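Heads up, the thing below is written out as structure tokens.
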Amino acid sequence: MNNNPLVSIVMGSDSDLEIMNEAAKILAEFGIAHEIDITSAHRSPARTGEYSHALSVIAAETTLPVIAVPIPSTSLLGLDSLLAMVQMPAGIPVATVAIGKPGATNAGILAAQIIGTADEGVARKLDAYKKKLADGVEAKSRKLKESRNS
Amino acid sequence: MNNNPLVSIVMGSDSDLEIMNEAAKILAEFGIAHEIDITSAHRSPARTGEYSHALSVIAAETTLPVIAVPIPSTSLLGLDSLLAMVQMPAGIPVATVAIGKPGATNAGILAAQIIGTADEGVARKLDAYKKKLADGVEAKSRKLKESRNS
Amino acid sequence: MNNNPLVSIVMGSDSDLEIMNEAAKILAEFGIAHEIDITSAHRSPARTGEYSHALSVIAAETTLPVIAVPIPSTSLLGLDSLLAMVQMPAGIPVATVAIGKPGATNAGILAAQIIGTADEGVARKLDAYKKKLADGVEAKSRKLKESRNS
Amino acid sequence: MNNNPLVSIVMGSDSDLEIMNEAAKILAEFGIAHEIDITSAHRSPARTGEYSHALSVIAAETTLPVIAVPIPSTSLLGLDSLLAMVQMPAGIPVATVAIGKPGATNAGILAAQIIGTADEGVARKLDAYKKKLADGVEAKSRKLKESRNS
Amino acid sequence: MNNNPLVSIVMGSDSDLEIMNEAAKILAEFGIAHEIDITSAHRSPARTGEYSHALSVIAAETTLPVIAVPIPSTSLLGLDSLLAMVQMPAGIPVATVAIGKPGATNAGILAAQIIGTADEGVARKLDAYKKKLADGVEAKSRKLKESRNS
Amino acid sequence: MNNNPLVSIVMGSDSDLEIMNEAAKILAEFGIAHEIDITSAHRSPARTGEYSHALSVIAAETTLPVIAVPIPSTSLLGLDSLLAMVQMPAGIPVATVAIGKPGATNAGILAAQIIGTADEGVARKLDAYKKKLADGVEAKSRKLKESRNS
Amino acid sequence: MNNNPLVSIVMGSDSDLEIMNEAAKILAEFGIAHEIDITSAHRSPARTGEYSHALSVIAAETTLPVIAVPIPSTSLLGLDSLLAMVQMPAGIPVATVAIGKPGATNAGILAAQIIGTADEGVARKLDAYKKKLADGVEAKSRKLKESRNS
Amino acid sequence: MNNNPLVSIVMGSDSDLEIMNEAAKILAEFGIAHEIDITSAHRSPARTGEYSHALSVIAAETTLPVIAVPIPSTSLLGLDSLLAMVQMPAGIPVATVAIGKPGATNAGILAAQIIGTADEGVARKLDAYKKKLADGVEAKSRKLKESRNS
């Protein structure tokens, strides 16, 4: 599936893989070709840093949309990572989502939404995904009511 | 230009207009049709709230990408607004950018980048915009050196 | 007891149940009919989000008092959840209490206090509950003194 | 109107009056009898403190609902005030609303909502108020569109 | 030793005992008579709250120095507790020390320092304690150097 | 009055004088001899720093109680100053009060309370001061009620 | 003086010049050759960003020491800028100093201290500078005492 | 190796050793002579405090560069420690790096960079270290791709 990837997931360290796999899972579920790499694969010392710091370089060198997932592994719960990512200067937009796994899931959906603006097949899969989420919550709601009535 | 808008700028209050105009300016510069509205125009009491609170409703009802600009007018400098926007639950992605005017500018560019993934004309304009920014900084750099050498 | 509920406990996820059960316990102790549900039972995609985000919708659509309990399960200890809930815009009041279980307990008592403004039976139970709390602390104080004197 | 007040607005200092008047205005608009006082009127040195500190005393001595408005006049933008109010221990609920004037407005509406649970006249006024808010936003939306089309 | 206590250690809950025992240990080491109690022993509902909230009452009713130890058991790491204690309004001083056990130790030393301003015996014990601390660090320093040279 | 000062007010910079004068005013009102100095008067380069940093040196070299007033002049509203002061390590207690002028006032009262533990004259003045504060609030309360009734 | 600069002051925007001039003044006072530039002078789009984001690139490409001054112009008082700079990943050290002008002054002194480790002339100037600071504080202390005694 | 140390690693407590060993490891890897000590080895009570507080004394008494590593062992995750270190007043620069082990590693590299400004051997080792880091990331990237293709 990784030929001609539409989405590139770039991490600052292989320890981010557990979190960023949530984004990959969403993209796989939507059938969107993607690749995962560690930033330094580009062989520049400038890319040995963490994603939070490296992404300003990526954001500045492309006109493609860049999505950022703050990693909560740092000592300040990810708040430092979040602020470094979201407070980009005017001219270098970075689409920041929530800290950690919920953010990685949303990064995958957001990438699909971007692709879905011009790809009706992906847009339909997003509608189905939304319905599946709603059905899942409804099932849990039913189960909760049954357990309280029994 | 507002016929068939590709981008909808939705505010929680007309007091946000000064900030969100920065996004409108970018979209106008790129020739992207857009509209600006206050959330409650949809006539639902659910939409009388501030953008930071109303956008979860918007994000949950669409499969189009949603970009959020935290407004710094609140008493906590916009940090409360930023956290409420960026920390969306898994399943409802919101692409959050920086607080205030730099964020509004970046929201405009990010919208153009999303459209540019399938519209080569917009992609070329983004390249030109990036070059213009770099030229502007270079001119300032030259001026700074001249002023220090004279 | 769930027929004609006076209080509706609405959660964004079944993982909030352990915390929100503290509110249910208080209401059961006061004999106040209540129901517990997950937001999406209402079958709208707008309600698949977390409570912190969904409650602005609830608050905007009702003229009944809405009480919010910030859930500490997020990566920022619940501070993001707290700020998103308490910093509601003018026109949409949400009565926010403490993060987590102490907040859920207080949400239950606050609901009882609201009902108690027009229901003398509940008001009397609140007086008794307050006395029970004070007696409990006094017993602990006595025990502490005895353990230090022995 | 101050005979037989249903709502008591208690401040820690007369410098809070400008903010808390927003709550009084709402109560007056709904025709709900209320009083405004500075805490120390009760003549106890324990009540010379600021509202944020004094309200735990009030909350502990009553079984009526207590609503707290964090005052932004302190050096930390009101965040210290907000945390002190909202993080009450289990057993002493305080319904905290937003910092400053939006919070004071919401405190007034919340008080009306509590009274409205047993007073149909107030409940009807709340419905009318909500409609007035929605109409106001819609008028602003219309005006915004006209100004952009002209 | 608890007859005629010079220092009263007041807690909001018996769960604070593990932390506040550090203060008691220091006072015992200095031979200063003290008592430990839970606030509600005074039988007032106003005193069923946590120490952070109850101490404004204590501080307002006495002209004796009041020392506050923020308890880290709350969901915000004790930062909420710290801000609520230290940001007392003008007129009600509370001497706040560090969060948790280091703070409890320092509260004990501070109480001894206050007593030592008029009691030469306690002042001499404080000098000896300071020397003991310095000797302890020196011993650790020597041990560290030996372990690195061997 | 500065002969044989009982209290020494030490500042890191003469720009702190406006705030710390609030402490001096209280001490003068209570007739307590005091001095004000800038830390570096002791001629050590270690003392050219700000109070927040210099006070750990003072606290470590004395067995007298040390009170700290965080100065809000720094770029982080005084929160950095507050945390640096209050989070002293075990063994070096510093009695921290509120940020800025309210804190300086309370530092003066706290110093008087410490002296008042062994000086009945000062203790009586503290009682009178407390009564004066309560009377002041009561006068304001009366004035507020009159203005609302007229 | 700008030939063969030993120190390069790099800014993200010419609006940072007022703050960073404090560093230049210190370097000029110590006779250390330096240059000031805006990052994008290097003509790379990666360098159009703010200093806080661009410096990870600089830090990653050099083995010379890199000093960072957080700029307080952002909406979060510079705290976001500070955290983005100081929380660099292992392998890319950045020597962060205080926010704003005090930080810029200290950045200049720190650069001089680094040069002074191998340049005795600069080391002697640092000793003289330190003495000048201490003398200045002493003069202010004397003036303060005279004004209080007169 | 500890004769004629070029770098002195000073800790406030032996419990900091696990973190600060990361700095020692880097210095050993670069063959830079260094010593590790606990502050109080200097036998002054002023030095019994934690590093975050003691370093202002060190910074004020030397014209050598001082690097600070915030220790995350405190109750506020190290944020208090970080702010106390980085927000030094003008005149006392302290080069602050990240909280905890990544910061200690970077403190070691930064010390080597400072020495490398005048020692070509160390500068060459820094270039080699940088290359080793980049090679390590590249190896991880290769391994990640292989694991996904298999």
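Going by the order they are written in, the chains are A, B, C, D, E, F, G and H; count residues from 1 in each one.
The definition used in the following text is that a residue touches a chain if its C-beta (ideal position, glycine included) is under 8 Å from a C-beta of that chain, and two chains touch if they have at least 3 such contacts.
Fair warning: this is a prediction, and the values are worked out from it, not measured in the lab.
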{"item": "A-G or D-F - the one linked by more C-beta pairs in contact", "value": "A-G"}
{"item": "Listed pair (F-H, D-F or C-D) duplicating the E-H contact set, over half by residue number", "value": "D-F"}
{"item": "Cα-centroid distance, subunit A relative to subunit D, in whole angstrom", "value": "40"}
{"item": "Inter-chain centre distance, subunit A versus subunit C - centres from mean C-alpha coordinates, in Å", "value": "33"}
{"item": "Centre-to-centre distance between subunit F and subunit E (centres being mean Cα positions), rounded to whole Å", "value": "20"}
{"item": "Residue list for subunit A, restricted to those that touch at least two other chains", "value": "44-45, 47-48, 74-77, 79, 87-89, 91-92, 98-99, 130, 133"}
{"item": "Complete list of chain pairs which touch one another", "value": "A-B, A-C, A-G, A-H, B-C, B-D, B-G, C-D, C-E, D-E, D-F, E-F, E-H, F-G, F-H, G-H"}
{"item": "Subunit F partner contacts - residues on subunit E that touch it in the complex", "value": "63-65, 67, 82, 86-99, 101-102, 105-107, 109-110, 113-118, 123, 126-127, 130, 133"}
{"item": "List of subunit F residues in touch with subunit D within their complex", "value": "72, 77-79, 98-100, 130-131, 133-134, 137-138, 140-145, 148-149"}
{"item": "Residue numbers on subunit G that touch subunit B, as the complex places them", "value": "2, 14, 17, 36-41, 43-45, 47-48, 74-77"}
{"item": "Of all residues in subunit H, those that touch subunit F in their complex", "value": "12-13, 44-50, 52-54, 56-57, 60-61, 74-76, 79-81, 83-84, 87-89, 91-92"}
